[in-house]
């Protein structure tokens, strides 16, 4: 009845395993690439090619149109590394990242936690909290510029009312970066909030039910359930916030133009100035390259350290 | 349907697709926004209606910097515009770019009489006797002051300070304090390189060597001489005395400060006067730029922008563009432009037009700006510097100005800026050398 | 929930709402002010005039721009959703060699500063003949590493039993993607959709660069067109324009929010 | 040790139909209270209400002596095993078990001790460092159980805590849980589908159907004196056999055209007759039986289930001890002792009290004599 | 109808220890094959390997006649009920049930028909429009079951599909599944913890322990002739009682200082003696018994479990039919028929074949005579 075919036994285990597995793997690779094809093509044309071009240009002096004129080797880089102005840029960039990323994420997290409570009318608050997402950088910056205005802005009016010394928020090198950061945090909160709220809502309700029965405190739940379960989302938003912070441009252009005394001249703004105002495409490319590798490093670090701690279901 | 301009621009857009057969299309890239764009569109419309062969399409392309970037990327291709508006500091860059056709060619061909143009304006755009572009929207700096505040401080509202020491005195009187807090400052200058350049030129100071770059490619900044230092010292001193207010880099912030009574005197562009008078809740006075006590007043450099013609496009289009340029400089058009925009008329004949006279009656302040320009002595200082790295150099000067507020020594700040300008110049020359 | 806790929560919610909403309301107020009023730093307009809105619409073809913005944003949103979700699906549910490396390469594209790629991209688009065309405004943005990343994170939280169950049921991979993965990830898709719509809506420099006439220009250019440099900006008009420009997106967000809320509660796994 | 009392509790999820309805029960301190009922009858809902995870739609809930309607779950001082475990996927087994212990003011040392003890008892000692997704179904369930046990809360709710365990382990767990409950004096509310669990563990049990209480009492009481046909058929496996009948002057006439003398019921015309499978017996030499065709034989090892055709298409199942080699289709003579018949009202399914009550004593003797 | 064959299959999750080990089994087309074993022994793992959800670490897998080691799950043409259901949270019950039917080339009309039929059979008809999270535990399980049933695939894998159902429904489902399987000729591989399910449904069953096959065969065969002590104690509930013993010249001497004559085993010195609970009986007048103290009495309704102290601290459990009112501490005389003794090797736990083999026939007679 059972025709336990001798043939089965004869096929060596090894050969079945390798050929079968190889075929399956190849199949997977092909299918996988098929799904990725549109992305790969578009990335190649609109991201990798320009990036390589940028890398290439960073070794050249160029004319206004970005056409390379002279090969100068690493000159663009060495000059940058010596230039105090570039040092300020790096410092400003790092400071900006430090000001905006942690504060922004914590604020968004607080908002998301609040908005995750089951209360009447919570939908309204959720909408309000996410509303800055609907604002363009240009529009928000214009509004903030207005608020920071030392003569007519609301902040100075409030300071006047409280008899505080008035501070020229955007004109004092001490406060300018901070002020831009506050505006930036405000602008980014809506999006981070929405993402985090989504993450919170995806956590299985039963895990909280058990915690409630166990009678643990709110903070304990936050530490032991919410944050670990939210970790994929947090990981995502942290990574993205870092990258975005490194690449902030719009609000700086409108609020401070990199001033005063270059205190807000973050690298991206400096790249923009070099490439589009001063027409030093070579130098801009060199800065872009450096920026790219800086972010890359931070991100690799984050993936190395972070993704291990991230818990996926 | 909702307004003249909106239908206009729509037509312009549509027309570009249809390409009405008989007409030569002249694309005009500009950076005029707000009211200015409205005025410009109107002029173009009237021109298009005035004749049959040419169709001018003004298209906004962002700020001066942005439009220049765009021009850069498309120059020499079919996407390039026929006419391009470029700000004054881009002049040298355009000349060097090789992508433009100097208008001198058409002036010569046409035997066009350029003497009808305001010499002090067209001078800026002519190098070694060649007129490169046609001046279009030009402005100069003036002192703007609050007449009411003057009265209150016991100053003569009709006579604004003309020298640095008078300025300092007046500023002192105008500065009002409420306890520790200053509620009204005497004077202010926007942190913008242009004002420094003007204050330098009005004492006859040069920005760079090679006769302000007009004899050859400049190699060195000269603005850190004692004339430049006088300007910087003025700012530094007044700031220390507490009579000077730092308004930052933003034009609108500066005007807001003035209009809200935070500052009593400041430097502004002639083009902004009219709106200022309209909106200010007090009487506004306008006066000439101050000079150091021992210096002889030289006048001002022209600011603003001019229009350029692309090369590498059909002769027909160039001719059409030239026709439009000529149209722009007619007294009637200039009168209109002056009244609507606040920019100078390139053709002084415009000032005789009825329209202008009426306007001046309403805004006597406008006349002051024109007078200042006309009294300007023509020399290399007031002709303005010609360097390709002007934008970069201006950034350096701005940084230097800002560091004054942090208590930096004026000389040191100025030297630092000059040094960095030198380096930029060096790089630019290096590129050009190859 | 105890009453004090409720009161405390509402208190916090209201404080944060004020903080988040104030700037927007402020702009809204200014949009009704006359020139002089704005410069005196008032908080409330003396009278609500619609003049500013009228002149905003008169100055630039805002409606035309709004349509273009809407169209372009919609197309980019759809394109990004489709392409990102396909890629993210491959990264989570199809095990192939070098997958992680490829993913990291994808992520690394997020680090390329946009400013650095603009000029080469412009030249590419020009060579493709996409200047003054919707194509130039949309296609370059279809591939979005950010979106792929977001969706990958989401897809990773889908219990693997669901995948196993459909494998056993003999469902094709694509069908699983379409019928299970996408609906279950509704929240993230809506979030990403809103995000890509808004970022596209807010683009300024690129649309300016690749359009030479007004036929396909977007509304942010219109906004810029109302601000001037050397001549006084009419703040009232600008703020009116700001309101006009942010209103559609805010409305969209609010509507999306409703949908999102539903998605949030339904999408929850288990 | 705390009382739990529900007074007129109803719950509706959709605001329309009640999932549980008018539940009145007082669970005494230290009682082992078992909840049984068909799938979807509202058992989990009731537990969740007691735990405070669902609000009641109407009615009162008391825990200890205080009203608990609005007490948050954290203040009810109870522990719970969820039907689908609710383990924390990101925590190890050990962390899962110890989760929340600190709130009970248990020293770190004791936490570890309790954890090890529970893990030992549940056979989880080797798995303490694993994450839930690396566990088998039964192991996960045991972790959930351990988590509830270690808290030693005065009230413990368990929702089918042993459903995924094998018989042997289950037997062990049954006695361990029962011992622990006795030792600590915990008030236990326990949901189960397993009759043996219900019968052996319960001090009292409640039978729910469609959200309504069918009967409540000691297990044997319920087994022997089911209030209605639902309870009769629900408790006992295989379930009680039923037949329509009529009692005419001490003679029971079944619908399937058989009749039988009965002295216990005089004049109740329309009845439902119930007989438990173990009471259908092979006719012994001195008894009067009737013969029926065997439709199916299932030999379970310990016992054999026989399905008889008793006429008119009705089938009754008999359970006989041992393994019987009876062929399908064979005719067998069976008899039912009059004492073992249960009678129910045909209309409302309620039990009819008989003259000679079907007492526990009798049943015991009866059982003893087989 | 397809064969499933495993040849030397082992599986390790961590690359070190094997979770299942060297499994050799050929499951015939149309066979109902039941897999039992203690929690964590590798049952689910084996199902998952057959379904293609886990790769084998070594060994060969054949489905039909083709090697299936690397066949993707979707091409194996089987259906599966997951231990934790794996329902799609965003789809309604109906959509869940119908999900994937299209791949089987089933017309829309038939899809609906099958769905309604399955829902009817499983009592889900009223719930078709609900989402899984609005269902009770048992209802979810039934949806998972329905989803597997409707596909009518030639091979069906079920991982404890009835664990969350009550006895009554479970009995119904047992026969329904069995009927369906017979009707469609499905090859069924079924994991369960429920002995009744295993005994009644299986054509053949396999007992796994720690990843290794303990015994494989027809249910009764396994019940009556357990290969080793593990199987003997695992199958049957309560489990078989064991005692150490020594056979000296036809006399079995138990460690608990009792002895008994036995003719079946001559000279096997060290043995383990096993006796099933139902075979420990009250001594009848004509029998020789020994008296033992009753330690515990559990009355289950149908039957009573008695725990006896048989000396030296060893406890044996007896299962008696009916309800017995015996007091704890009472001494009762019990006897065990020689025929009902099982012997195992003390060293390796293997069964020792006796002279008069403990045959099925004998057992049946024996059962019949009680």
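Per-chain residue numbering starts at 1, and chain names A, B, C, D and E are given in the order in which the chains are listed.
FYI, a contact is a pair of C-beta atoms (placed from the backbone, for glycine too) under 8 Å apart; a residue touches a chain by one contact, two chains touch by 3 or more.
In this text the structure is predicted, and so the values were computed from the model without any measurement.
Participant: Listed by label, which chains are in contact with subunit B and with subunit E?
Facilitator: For subunit B paired with subunit E, the chains in contact with each are A, C, in label order.
Participant: In the chain contact graph, what is the shortest path length, in steps, from subunit B to subunit D?
Facilitator: 2
Participant: Any idea which two chains share the most contacting C-beta pairs?
Facilitator: Result: the chain pair A-C has the most contacts.
Participant: Please tell me the distance, in whole Å, between the geometric centres of subunit A and subunit E computed from their C-alpha atoms.
Facilitator: 56
Participant: So the centre of each chain is just the mean of its C-alpha atoms; given that, what is the distance between subunit A and subunit B in Å?
Facilitator: 39
Participant: Residues of subunit B touching 2+ other chains?
Facilitator: 66, 69, 73, 256, 260
Participant: Which residue numbers or ranges of subunit E touch two or more of the other chains?
Facilitator: Residues 72, 84.
Participant: Touching two or more other chains, which residues of subunit A qualify?
Facilitator: Only 66, 149, 151-152, 204, 206, 276, 313 qualify.
Participant: Spell out the residues on subunit E that touch subunit D in their complex, using ranges where they run on.
Facilitator: 13, 36-40, 42-45, 83-84, 123, 134-139, 141-142, 159-160, 163-171, 193-196, 199-200, 219-220, 223-224, 233-239, 276-278, 298-305, 319-325, 360-361, 363-364, 366-368, 370
Participant: Could you list, by residue number, the parts of subunit C that touch subunit B in their complex?
Facilitator: Per the touch definition, subunit C meets subunit B at residues 35-36, 39-41, 57-64, 119, 122-123, 126, 131, 205, 208-209, 212-215, 221, 224-235, 237.
Participant: So in the complex, which bits of subunit A are touching subunit D?
Facilitator: Touch list, subunit A to subunit D: 204, 206-207, 209-217, 220, 224-225, 228-229, 231, 311, 313.
Participant: In the complex of these two chains, what residues of subunit A are touching subunit B?
Facilitator: 61-66, 69-70, 85, 145, 149-152, 165-166, 168, 170-171, 173, 256-262, 273, 276-280
Participant: Which residues of subunit C touch subunit E in the complex?
Facilitator: 159, 161-162, 164-172, 175, 179-180, 183-184, 186, 266-270
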